[in-house]
Structure formats: C-alpha cells, structure tokens
Amino acid sequence: MKEDRRVFSLIEITQSLRSVIERKYNSTYWIKAEIAKLNFYPRSGHCYPEIVEKVNNKVQAQIRCTIWGSNYQKINEEFLKTVGEPLKEGTNILFRASISFHPVYGLSLNIVEVEPSFTLGEMAREKQKTINKLQEENLYEKNKKNVIALLPSRIAIISVETSKGYNDFLKILNNYPRKFSIKHNLFPAILQGEKAVETVTAQLREINKQSDNFDAIAIIRGGGGDIGLNCYDSYQMAKEVATSPLPVITGIGHSTNETVVEMIAWENKITPTDVAYFIIQKFEDFYSRLEKCKKSLIFNSEKYVNNEKNTIKHLWGIISAHTSNKIQYQQYHITNIYKNIKNKSLELIKHQKTSLSNIAEKILQSPVKQIYGRQSELILYNKLINSLTKKQIKIEKDKVNILKNRTEQLNPEKVLERGYSITLCNNKRITSTDSVKPGDTIKTILHKGKMTSIIKTK
Amino acid sequence: MTKSIKYSQAIEELENIVNDIENENISLDDLTEKLKRASFLIKTCKKALFNTEKEVNSILNEMNEESNEEDT
Amino acid sequence: MTKSIKYSQAIEELENIVNDIENENISLDDLTEKLKRASFLIKTCKKALFNTEKEVNSILNEMNEESNEEDT
Amino acid sequence: MTKSIKYSQAIEELENIVNDIENENISLDDLTEKLKRASFLIKTCKKALFNTEKEVNSILNEMNEESNEEDT
Amino acid sequence: MTKSIKYSQAIEELENIVNDIENENISLDDLTEKLKRASFLIKTCKKALFNTEKEVNSILNEMNEESNEEDT
Amino acid sequence: MTKSIKYSQAIEELENIVNDIENENISLDDLTEKLKRASFLIKTCKKALFNTEKEVNSILNEMNEESNEEDT
Amino acid sequence: MTKSIKYSQAIEELENIVNDIENENISLDDLTEKLKRASFLIKTCKKALFNTEKEVNSILNEMNEESNEEDT
C-alpha cells in the first residue's frame, strides 16, 4: 500500500457524486426514449422502467427510471386515455424527469410527467409505415381481390373461446331461425397486446395451409374495449392477412380509428355480431334468390299458360271475326256490283236516249234552216235581176239619147235657124273667100229659102 | 220546166244569167228572153223549195208526233 | 223599116253614121240623106227600147208580185 | 228495217247525216231523201232503245228479286 | 254454273263488266248479253257465298260450343 | 292430330292464317279450307295447353309442398 | 370443381330458366321440361343451404351427373 495514496470511503465517493450531480442537474428535463422494460410492482404501486435508445436496433443508451406509485397511476390513466394503450414495453415516450443519484441504487431518472400525444404520433407514424410498405409490395388490396364463396359455409375463426365477441358470434349463428348449414372451426389466439401479433399470425398461417377446407376467415374479438389494438397495425400481421388465399372478415369491435388489418381485410364488419349476420346474409341472399325464382316460376308458369290461352283466344277471335266480316263484305260487294250494274246500265240507256234525241233535234232544225237560206238566196237573185235589168235599159236609153243629140247637132238646119247661112259655089260649100273671085255666081242657102248672087268685089 | 231540171242546175243557170247581165254580155234584143228564163227559173226553184219544205215539214211533224207519243 | 232590123244592128249603124258625119266631108245632099237615116234609126231604137222596157217591166212586176205574194 | 242494222251503225249513219246537213253538203234535191233516211234511222234506234230498256229492266228485276229472296 | 268458275274469277269478270258499262265500252247492241252474263255471275257468286257462309257458321258454332264447355 | 305438330308450329301457322286473312290474301274460295285448318289448329293448341297446364300445376304443387316442409 | 361453383352454376341455370319463362322465351312445348329442371335445381340448392355437408355432396354429384347426361 502506498503512503501518498488518498483513499476514500465508498460513502464519501457516492456522497460526493450525489452532491455533484444534484448540484449540476438541479432541474427537470424533457427526454424521449423507448421503454425497454416496464418493471411495475403492483403491490407497492411503484414502477421502475428500463428505458433505452436504439439505433439500428442496437442499444446505445440505457438508464433505469422510477415512477413513484402516486404518479404512476395518474400518468398511466392519462396515457391510456389518449393513446388507447397503457405504458408498456416497446412504447416510445416523451417524459419529464429529474436526475438523481442514490448511493445504494445508483443513477436513475425520476419520471414526473409523460406526454401521451408524442406516443400517439409515434404510433401513427408506425401505422403509416405499415400501410406504405403494404402498398409498395402490392399487398394492400390483395385480400379484397379474393372471391367469397356463394355460400361461405365453412368459416375459420380466429378468436378466444372465452371472449364475449366469439360467444356473441356463436349465439347469432345458433339462434338464427333458419338452420343454414354454416360450419366453423376455432383457431384460438391472443387478440390484443404484445402477444397478439405473434399468435394471430401463427393461426393465420395454419389456416392458410388448409385453405381448401374453408371458405372464409373471421377474426373476432370483443368485450376488450379499445385497448391494445395497435397490434393490428403491425406489418407482420397485416401481411399475413393480405396474403391469405381466403377472404378475411374482421370483427374486432372498437370505436376508434380503423386498424391496418381492418383496412386491408376482405370485409370489416367491426362487431362479431355483424360478421355473423354478414355470413347469414349470404345464405339469406341465396335463399331469397331461390324463393324469388320459385315465386317467379309459379307466377309466370301460370301466366305463361294463361297468356297462351289468351293468345289462342285472340287469334281465333281475329280469324272468326275476319271470316264473318269477309263474308259480309262480299255480300255487300255483290250488292254494290248489282247496284252499279243497274245504275250504269240505266245510265247508258238514258245517255243513248239523250244523244239520240240530240241528233233528232239537229235533224229537225237543219232542213228548215237550209230552206230559209235557199229562199233568201232566191229573193236576192230576184232583186239582182230586177235592178240589173232596169240598169241595162237605162244605159241603152242614155246611149240612144246621146246618139240623137249628136245627130241633131250635125243637122245644118239648126245653124241656119239662128241666122247663119251656107254659101255654095259651083254647088260646093265655101268656107273662105279664097275659093271665089269676083264675078262668080254663088248660091246662098238661108233658113227659109235660097238665093243666087254674083260677087262684085272681094 | 220539166222535172229534169234540178234545183242545183237551176241555181247555177240563174247565177250565169245574173253574171251575164251584170257584165253587159246580153244585148237588149236577148234581154227579154233571158229575163223570161230567169223568171222561169226563179219560179221553178221557188216551187221546188216550196215542195221540199212541205215534204220536210211533213216528215218532221211525223217525227215530232212519234217522239211526243213515246215521251208521254 | 221592117221588123227585121235588130236594135243592136240599128245602134251600130247609127254610130257609124254619126262618126261618118263628124269625121268626113259629106255633100249636103248626102248629109241630108244620112241625117234622115239617122233620124229613122233613132226612132226605131227608141221604139225597141220602149217595147223592151214595157215587156221587162211586166216580167219584173210579175216576178215581184209573186215573191210578194209568197212573202206576205 | 231488218235486224241486220245495228244500233251503233244506225247512230253512226245518223251522225253523218247530221254533219252533212249542218255543213250543207247536201243539195236540196237530196234533202228529202236524207231526211227520210234519218227519220227511219231514228225510229229504228228508238225501237231498239225501247226494247233494250225493257229487256234490261226485266233482267235487273229478276236479279233484284233473287237477291231479295236470299236476303230475307 | 259448273264448279270450274271460281268466286274470285266471277267477281273479277263482274267488275270488268261494270267498268265496261261505266266507260261505255259496250254498245247498246251488246248490253243485254252482258247483263245476262252479269246476272248469271251474280247468281253464281251468291250461291257460293251462301254455301261458304253456312259452312263457316257451322265451324264457328262448333268452336264456340267447345270454348263454352271449357270456360264453365 | 299426331304428336308431330308442335304447339309452336301450330301457333305460327295460325298467325300466318291471321295475317293472310287480315291482308285479304285469301279468296272466298279458300276461306272454308283455311277456317277448317284454323279450327283444327286451335283445338290442337287447346289440348296441348290443357295438358301443359295440368303438368305445370302438378310440378308447382310439389314445389310448394316441399318448401312448406322446410320453412316450418 | 368446388361445391360453391356448382351452386352458382345451379342458381344461374335456374335464373336463366326463370328469365326464359318470365320473358316467354321458350315455347310451350318446352315449358314442362324446363319447369321440371327448375324444380330439381331449387331442391338441390335448398339442400345446399340447409343440410349437412355430406348430404350436399351427394346431391351435387347427382346433379352433376344429370346435367352431364342432359348435355350429351
């Protein structure tokens, strides 16, 4: 042992640490971390969670915490109320804590307050991550694409025998008045909390192996309230549901947001009762289709026969009516023809009479007209001859008169009457003194008497 | 005039006479003769017309009577 | 003058005489003769005309009377 | 008239006569003859019409009686 | 009438006769003959109609009785 | 009727007859024959209907009885 | 072939028959046969609805055989 060595007692050291830490970290701090182990002691009511921070799933920091019984109850209630889950391992939380050092128990964080909304956000992020992954892998719609049997008569049920939901489901099926042939096998599993993912996934795998024996899978839960449902947001369980060759019907029964499993299930009916009714409805649908067919057959077969009876009656009605009409029409037609023949014949005779009497009338009138024409022609000739004859006589008369006048003018007696005389020389009429010489004897003829003279001079 | 002179011939002769007179183709010496002929022809035609009229009227009357009988 | 001289011949002779007198120198004795002949011919023609007119009128009157009789 | 003259021929002949008279294609000398012929033809046609009418009526009546018998 | 004249042919012939008379395609000389033929055809048709009517009625009555039996 | 005429054929033939009668494609001469045929076809159809109705009723009654058993 | 496929085929066949009868797409001659088939199909389907699996299987086999027989 060396002299210069300073040796402290453990108490000294731990007290020194304690005073340094208490001096240095004299406030409270907001810290986010994951609960690795809850370490709740129900008897004392105290809780000593181990909290860690992981990077790539490796623990990078770890510390022990304390939530005193008086705080824990309040914190947990508030957390449950907001998040829908109690504080439990694997939950990321945001909390306020003071840092303390105890000589016996060492360093620990004393949690005085937890912020539930942080956890809620973290969970929503996780849920969205699951959805995104399913969508990326084309699994999101996969189960919905399954075709459910027309009569889903063999149902694989994932539930717990003791659960209220399962019992409700059975009650509906068993008490339904129509005894449909619906058969069901129970595949027990834990339906909420941390172990649910594992057990439910395992049973899904089991059912899928013998999928030929079933028509549908029903995941039924009920009576557990809204707590511990975030297992249904887990990628692991959701993937198993999505890839099942059978249609999965969920009846998990809660009032908060739809979980991922419900979202991707073939059908989400929420309550187990609804799932039962849903299956029954398929049978009812089929039943009513049958009944509808039956009713239609009864109604329409009779109607068909009756229609045919009416058709025949109708056809016969037309045939007999037309036949009678035809005969009546022909009778009428013949009567018409007779009337026509009668009228036309009489008309023809009448027309002939008229044209004959027209001809007769023309003949009666024409000769008389002609005779009148001839008579007036004769009168015309008569008048013409009359006037022409008279005219000719007058012309002849005029001619004779003209000749008479001319003759009279040529007679010398007329000239002599007015005192003229005719002188003759040698018995020739002289008209000039050139034809005589003095001494010639000339004879002068006067109107009354003649005389002879001798010319003395010229 | 004998019956051998037809009405139509008589009218033709009359027309010729009228023409001759009109065109002074007849001497006064022949005028009287021609006029006498014309007078004769006109008389003849009138007689013929008169006779025809009588005959026609008798035929027409007969026809009329008949048709009246039938019509009544 | 015998009846043998026709009106038409008489008119012709008369016209010749008048023409002769008017156009030729005839001796006074001939002239007197010619004028006498002309005077005779004129008389003859007038007689003939007179007779013919009488006859014609009588024929025409007869014709007219007949047609008047028939017309009335 | 012999039965050998058909009504239609008679009517045709009559129409021709009417045309001839109307267009004065007939001399007065033939008028009486034509008129006599026309008169004869008209008589013939009337007789034929009268007989036909009687026969027609008798046939029609017979037809009518029969149809009445059956109708009643 | 022999059975060889069908009703429809008879009616057609009758209609032709009516047309001929209407359009005066028949001379008066043929009218009587045509009418006699028409009379004969009408008689024939009426007989045929009468027989058909009897037969038709008997079939209709028979059928009516049957359907009455069935309806009651 | 032999079983060889089917109801549907009978109906088709009847409809053709109706068409023919309606469109007056049938002369009076053929009317009786067509009516007889129609009458025969109607009788045939009625018989077929009667039999079918009996059979149909028996099948329907059977169906009704069965479902009543199950529902109770 | 699974059972449920058979059910769907059966009800589809049934509904086709029902449609055919409703719309009168079948002749009366086939009505009885179709109705018998429908009755059988209804019976079969009802058994599928209500009975145990074993019974259903035997009926389905029977149905299948029958339809095969009919198809051939």
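In order of appearance the chains are A, B, C, D, E, F and G, and numbering begins at 1 in each one.
The rule we apply is simple: a contact is a pair of C-beta atoms (placed from the backbone, for glycine too) under 8 Å apart; a residue touches a chain by one contact, two chains touch by 3 or more.
Just so you know, these numbers come straight off a predicted model, no measurement behind them.
The chains that touch chain A as well as chain F are E, G.
Across A-C and B-D, it is A-C that has more C-beta pairs touching. Different-residue interface: chain E and chain F share under half of the residue numbers found at their contact. Relative to the C-alpha centre of chain D, the farthest chain centre belongs to G. Chain B and chain G have Cα centroids separated by 122 Å. Centre-to-centre separation between chain D and chain E, using Cα means, comes to 34 Å.
Distance between chain C and chain D, defined via averaged C-alpha coordinates, is recorded as 68 Å. Separating the CA-averaged centres of chain A and chain D is a span of 82 Å. Within chain B, the positions touching two or more other chains are listed as 28, 31, 35, 39, 42, 46, 49, 52, 56, 60, 63, 67.
Multi-chain contact residues, meaning those touching two or more other chains, occur in chain A at positions 294, 297, 301, 305, 308, 316, 323, 327, 330, 334, 338, 341, 345, 349, 352, 360, 363, 367, 371, 374, 378, 382, 385, 389, 393, 396. Across the assembly, chains come into contact as A-B, A-C, A-D, A-E, A-F, A-G, B-C, B-D, D-E, E-F, F-G.
Looking at the complex, you find that chain A touches chain F at residues 291, 294, 297-298, 301-302, 305, 308-309, 311-312, 315-316, 318-319, 322-323, 326-327, 330.
Every residue of chain C that touches chain A in the complex is listed here, in rising order: 7, 11, 14-15, 17-18, 21-22, 28, 31, 35, 38-39, 42, 45-46, 49, 52-53, 56, 60, 63-64, 67, 71. Every residue of chain D that touches chain B in the complex is listed here, in rising order: 27-29, 31-32, 35-36, 39, 42-43, 46, 50.
Every residue of chain C that touches chain B in the complex is listed here, in rising order: 6-8, 48-49, 52, 55-56, 59-60, 62-63, 66-67, 70.
Against chain E, the residues of chain A that register as touching in their complex are 313, 316, 320, 323-324, 327, 330-331, 333-334, 337-338, 340-341, 344-345, 348-349, 351-352.
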